[in-house]
Amino acid sequence: MTAPERGYADYQYQIYVRGLQDAVPPFTTDLGALEDQARDRLGPKPYWYIAGAAGTGATARANRAAFDRHRIVPRMLRDATARDQRTTVLGSELPAPVVLAPIGVQSQVHPEGELATARAAAATGVPMVLSTAASHTIEEVAEANGDGQRWFQLYWPHDDEVTASILKRARTSGYTALVVTLDTWQLAWRPHDLDQAYLPFLRGDGVAIPLSDPVFRSRLERPVEEDPQGAAMQWLPIFSGKAHTWDELGFLREHWDGPIVLKGIVHPEDARRAVRAGMDGIVVSNHGGRQVDGAVAALDALVDVVAEVGTETEVLFDSGIRSGADVFKALALGARAVLLGRPYVYGLALGGAAGVEHVVRGLLADFDLTMGLSGCTTLADIGPDTLHAGGGGEVRR
Amino acid sequence: MTAPERGYADYQYQIYVRGLQDAVPPFTTDLGALEDQARDRLGPKPYWYIAGAAGTGATARANRAAFDRHRIVPRMLRDATARDQRTTVLGSELPAPVVLAPIGVQSQVHPEGELATARAAAATGVPMVLSTAASHTIEEVAEANGDGQRWFQLYWPHDDEVTASILKRARTSGYTALVVTLDTWQLAWRPHDLDQAYLPFLRGDGVAIPLSDPVFRSRLERPVEEDPQGAAMQWLPIFSGKAHTWDELGFLREHWDGPIVLKGIVHPEDARRAVRAGMDGIVVSNHGGRQVDGAVAALDALVDVVAEVGTETEVLFDSGIRSGADVFKALALGARAVLLGRPYVYGLALGGAAGVEHVVRGLLADFDLTMGLSGCTTLADIGPDTLHAGGGGEVRR
Amino acid sequence: MTAPERGYADYQYQIYVRGLQDAVPPFTTDLGALEDQARDRLGPKPYWYIAGAAGTGATARANRAAFDRHRIVPRMLRDATARDQRTTVLGSELPAPVVLAPIGVQSQVHPEGELATARAAAATGVPMVLSTAASHTIEEVAEANGDGQRWFQLYWPHDDEVTASILKRARTSGYTALVVTLDTWQLAWRPHDLDQAYLPFLRGDGVAIPLSDPVFRSRLERPVEEDPQGAAMQWLPIFSGKAHTWDELGFLREHWDGPIVLKGIVHPEDARRAVRAGMDGIVVSNHGGRQVDGAVAALDALVDVVAEVGTETEVLFDSGIRSGADVFKALALGARAVLLGRPYVYGLALGGAAGVEHVVRGLLADFDLTMGLSGCTTLADIGPDTLHAGGGGEVRR
Amino acid sequence: MTAPERGYADYQYQIYVRGLQDAVPPFTTDLGALEDQARDRLGPKPYWYIAGAAGTGATARANRAAFDRHRIVPRMLRDATARDQRTTVLGSELPAPVVLAPIGVQSQVHPEGELATARAAAATGVPMVLSTAASHTIEEVAEANGDGQRWFQLYWPHDDEVTASILKRARTSGYTALVVTLDTWQLAWRPHDLDQAYLPFLRGDGVAIPLSDPVFRSRLERPVEEDPQGAAMQWLPIFSGKAHTWDELGFLREHWDGPIVLKGIVHPEDARRAVRAGMDGIVVSNHGGRQVDGAVAALDALVDVVAEVGTETEVLFDSGIRSGADVFKALALGARAVLLGRPYVYGLALGGAAGVEHVVRGLLADFDLTMGLSGCTTLADIGPDTLHAGGGGEVRR
């Protein structure tokens, strides 16, 4: 959980020094360009499942465009030689304000899937959020993660006993915080997947967590091993197609004694309601543009949500992070930490745990350098006064 | 006229389940991408007649850009499991707020033309609007449409007896509402068609409605069958080249005892005048960018028109709908229903009635999912407060 | 000088009717696309001399972008069947508010150069403005133009006797108005021409007007015929490299008894000064983006100039006209007429006089249809209330 | 130091006249296009080191976009025949408001590196700013620069004796002003270089200034000649990785008796502090987008900084200059002079000193013509009233 002695920027130094022996990094250091490298590696089904967005892709584009409307105004001659990225999120100390977002079915891009992610998370010190739709079990991932920090993401089943069972397993396995995803109780219209009629869960592999759950298994007529696809078809309606409501949150609190955060909030009134419901935090997110097409850019929503509840609860940010500058801007606009999504899965696709580590170290180095060069020593220095909204600029494509 | 038992989103589920047998949808599920597939199928003349726009294409681009300036702000933890898209438009109950726009000469893209469209409309429950410039007669289309809902679009002739005859045939054949197109009493400057010197009507085929009209036929010196091109040349000046005026609307009311809506209104003062003239509704439209180049985006006009007469008459929207998010936004800005144009004709070109069905089912599924994921259960939930105008985003190309 | 009996829109009808015999127009009807066709025909030197702009091309792009920020709001059910484009400009009656802009050295794109343009102008009834840098003499062009309307553009020499001689020849030859170009007393930095080291005038051909002037010829030591390049080198400093000033305008008035307009005014204070100096009109222009790179878009300047002097003098518009909608917008913003530039020269390059005619007839037809479909019968109907500035849209590239 | 007799625009005339003998310029006259020519010439390592930017390149794009938001409004009929670009910057008279920006390690693009730049600077009269990271020594460059004006850029070492030694050498060698770069005490995250693991300094060549410094050499255990790479590794931490602070500025003043300017200031409060610290000027710069990705556009920062301290100190501008219009706009917004960066290094890559001269002469000619055609005779005429901020336009890519 400790940063490298010379700080996260050390990763940059190591790359240059290794260059003296004509060694280049195994993967690109441009998180945007990683997508192209992953595209060359993966088949079209997993590639588009990861890279694709809902509908016309308008939300994913809006996510990126919103970052370009805010510009950093660096300060000079400040003693920002040593930066401290440490922060406290949901009561835990984090070495950096970055968390690996929950992404399901990682076995489709690399055989080690979430196990590799868990090892990379432990090695870099950032928490990982394990998805309910993971390809490896809660317990296997916990073991791979070891002393690392791990949170658990819940796709909230419509079977209270299954829910309670899963939550109990997660707590027992050392997952400290619960991230309840609200925006995906039903998959959106995703042409890239629909045109390939590809839904990884349906084939009965790659969704180890529900299929391994003893309560769920007790519901099945035939064991999963004999009829994995049949089990998947039974699993689907428990997890998908029905919405939960505000008044049910008490059930989660009852079965989870750690912090609970709601992921997918973009409306300030929903944020207010989450606070009233006693939640411990909010993840402003539009699911990386994978759910409602034409939705508000996550960064625009962050501004609204922080204005409403920023002083009362912890607001995390997810959707569109591709660089250290993006981390900086989200924090300057009030996020306590950010979730990194697709880029680390591209790293996983390209190089397993080593690929994930490369991505995380690169992002932390980039953010560390951005902090320093902007004159910021701690995260507390990154306030709204570090940004400039005027003028313009244009989005990278 | 009833939605599928599991709701329109069921179409998404069916696609994924069929994927387990390695079946993919016959056509793309991305209405934007359909245009490319149709382009590969059709010759340049019909393709550009359908896909092209007036002049430099500025209006068509503006139509799309306007959608991107409005962003949906989804709400969480609402019980939007089952969505009800039903609405009442012009006194008729509709299963969904979507209507197939009047598009003429459909035989140029598929031999069954409007007959196939009529069957698909009946199968999906959405009304179709039959164009005066259709390739099949009023009666043939009515028969193909069966129990479906059908409206009739009028290119208003400059021969009152012909007008009266056509209106009578339409009423007799079960067309319930009359859609009077105001913006195309003369074709605009359309370089794509002019460069090919292509005007489908002129060749005397594909415009069955006027040519089949007994009053019109009585005007001809030689029967249509002997000289179809000559008949077309006589037909043209009756339908084109002269404007009608506000004081003539009484004639239509006199010869049509159902609801009448004016299509092509974009100025709020014209909307006001339509209300004063006792019209039953307005279709805000710039004819998909096919008429005045450089015209106001239809969605921008919708905002103005709704502000002026939104509480006094029914305002429908046409021009630019390509996704469920577009339907959502138009309704949020005050439209009671939308007209879907080019995409269903691309479906027709690719697969006849099955192609049209695919497009309609896809759009309704997409909209249904958008409603649900935005927390809306009925259309009444889709108000202006569901949109966010700030920030930005960029248009899809 | 009379419009076709069925109005300018008749050109559209003729194209479609000829299509029945499978004839297509010899050149594209999209004025923007004409540029590509001309590029294929011309060598890089003349092509870039015509199509190129100053510096980075920012002004030319801004010219086009400005049009897209204004949107037409068409009105319905108005009796706009017959449109009248006639107007009075500088005391002369014009059949349409379009004038052929002065463009020099037209022999580089077609051997008949300005003679062909003059014939096409006469045939279509629009005035042509003959450039001082024309490849044919004042008298030859006048003869080719016959009963047509012609104006004379002055690149103002720094030799009063030469100036007086040229003006006298122009008046004698029936040129009615004088257009004094102010913005090009020195050529700008034009990389396209510089990279080819191409300046058509310098080779001593293609600039018949100065070289044919008896006063200028009397200045030469050797006759033009013996040393055309030497003559050109002597001609250059008389016409270029030195600015004139406001107090010299009296000289022009003294030697020209018709109306005088100043071309190249973009600042409202300069417009005010032109009025005070007793000028008869202003042409708002940035020379099609060929002079100051990064300059204000001509349409933005038009708004400022009209606000300052629109009620006191005639304001014409030049720079960026590519369609009927552009003509409409310029008029709606206060221009009395527009000058059409590059497109007609592309027509000339492709087809001589017939090519120019095609371009002019196409533009007038497009504008005529735009008027009609917007509900405008006369130019007086085209006011600022016909435009919508809100929303957006994007520029065509 | 004197401009050509006919003014800087003479370079344009010379090109056209040489064209009569079919000679074209050896390199493009479009500073933007130079980048492509240089790309073809250089290997990917030096090319990307020069052309690349930090992170996603957002800052570099924003720099260019900001220029397009300001538009020049040229004035007519002013006597701007002869332009005078002379100005006084930091107490020295300059023939033009253009300075060659400090760029290090120029030997990577041309063997003569800074020596060629120094000769071209002397030949054209513009000052050069020698980078601390130059490939040739302070003394060698001074000799090559001869009677030219030269300033010295400091990457401020963390070894006071080395700093003092370098400053003394620079003063002794005739460098008149000191430019202290504040924004690069640590390199940013630059994917183009990282992906190639390329840092030119590290190999021990191309950084002649520190390696030649006697104080620095006395620190080494082994002579540079025996172990250049070891020396570089020792040099790096002295120059990089640690920030200086405001209270250390006194040390520089103590060791430099000429004017001192701070480069890299973009926040108005930092500008205010520089004035309070007694600095002689500020260079508003974001290092050409090479440091903080997502930073404010330099031109937007210029507006803020000029508003804060424009009347109290000299404000220079750096980052994004590519044309005469850019120079004009920066001056109109309050800059006293501009620094030209990448383009001259492209010229160096293509043609050594002759290439640099070509670039400088081209820029001065372009700016000279822009001044004249905008009606400006001296730099004092270029005020904020020469710009138009309304409307729009779009950025060149």
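Per-chain residue numbering starts at 1, and chain names A, B, C and D are given in the order in which the chains are listed.
Everything that follows uses one rule, which is that a residue touches a chain if its C-beta (ideal position, glycine included) is under 8 Å from a C-beta of that chain, and two chains touch if they have at least 3 such contacts.
A quick note: this is a predicted structure, and the numbers were derived from the prediction, not measured.
**Q** What's the rotation, in steps of 5°, that superposes chain A's Cα atoms on chain B?
**A** Result for this pair is 90 degrees.
**Q** Over half shared or under half: which fits the residue numbers at the contact of copies chain B and chain C, same or different?
**A** different
**Q** With centres defined as the mean C-alpha position, give me the chain B-chain C separation in Å.
**A** 42
**Q** Would you kindly tell me how far, in whole Å, the mean C-alpha position of chain C lies from that of chain A?
**A** Comparing mean C-alpha positions, chain C is 59 Å from chain A.
**Q** In graph terms, with chains as vertices and touches as edges, which category applies: line, ring, star, complete, or other?
**A** Contact map by chain: ring.
**Q** Let me know each pair of chains that touch one another.
**A** Pairwise, the chains that meet the contact rule are A-B, A-D, B-C, C-D.
**Q** Under the definition above, what is the set of chain A residues touching chain D in their complex?
**A** Counting only chain A, the residues touching chain D are 9, 12, 15-20, 22-25, 28-30, 32-33, 67-68, 70-81, 322-326, 328-329, 362, 365-366, 369-370, 372-374, 388, 390-394, 396.
**Q** Within their complex, state which residues of chain C touch chain D.
**A** By the definition above, chain C touches chain D via 55-58, 61-62, 65-66, 69, 182-183, 186-189, 191, 194-199, 202-203, 229, 241-246, 248-249, 262, 264-267, 269-270, 273, 286, 291-297, 299-301, 304, 395.
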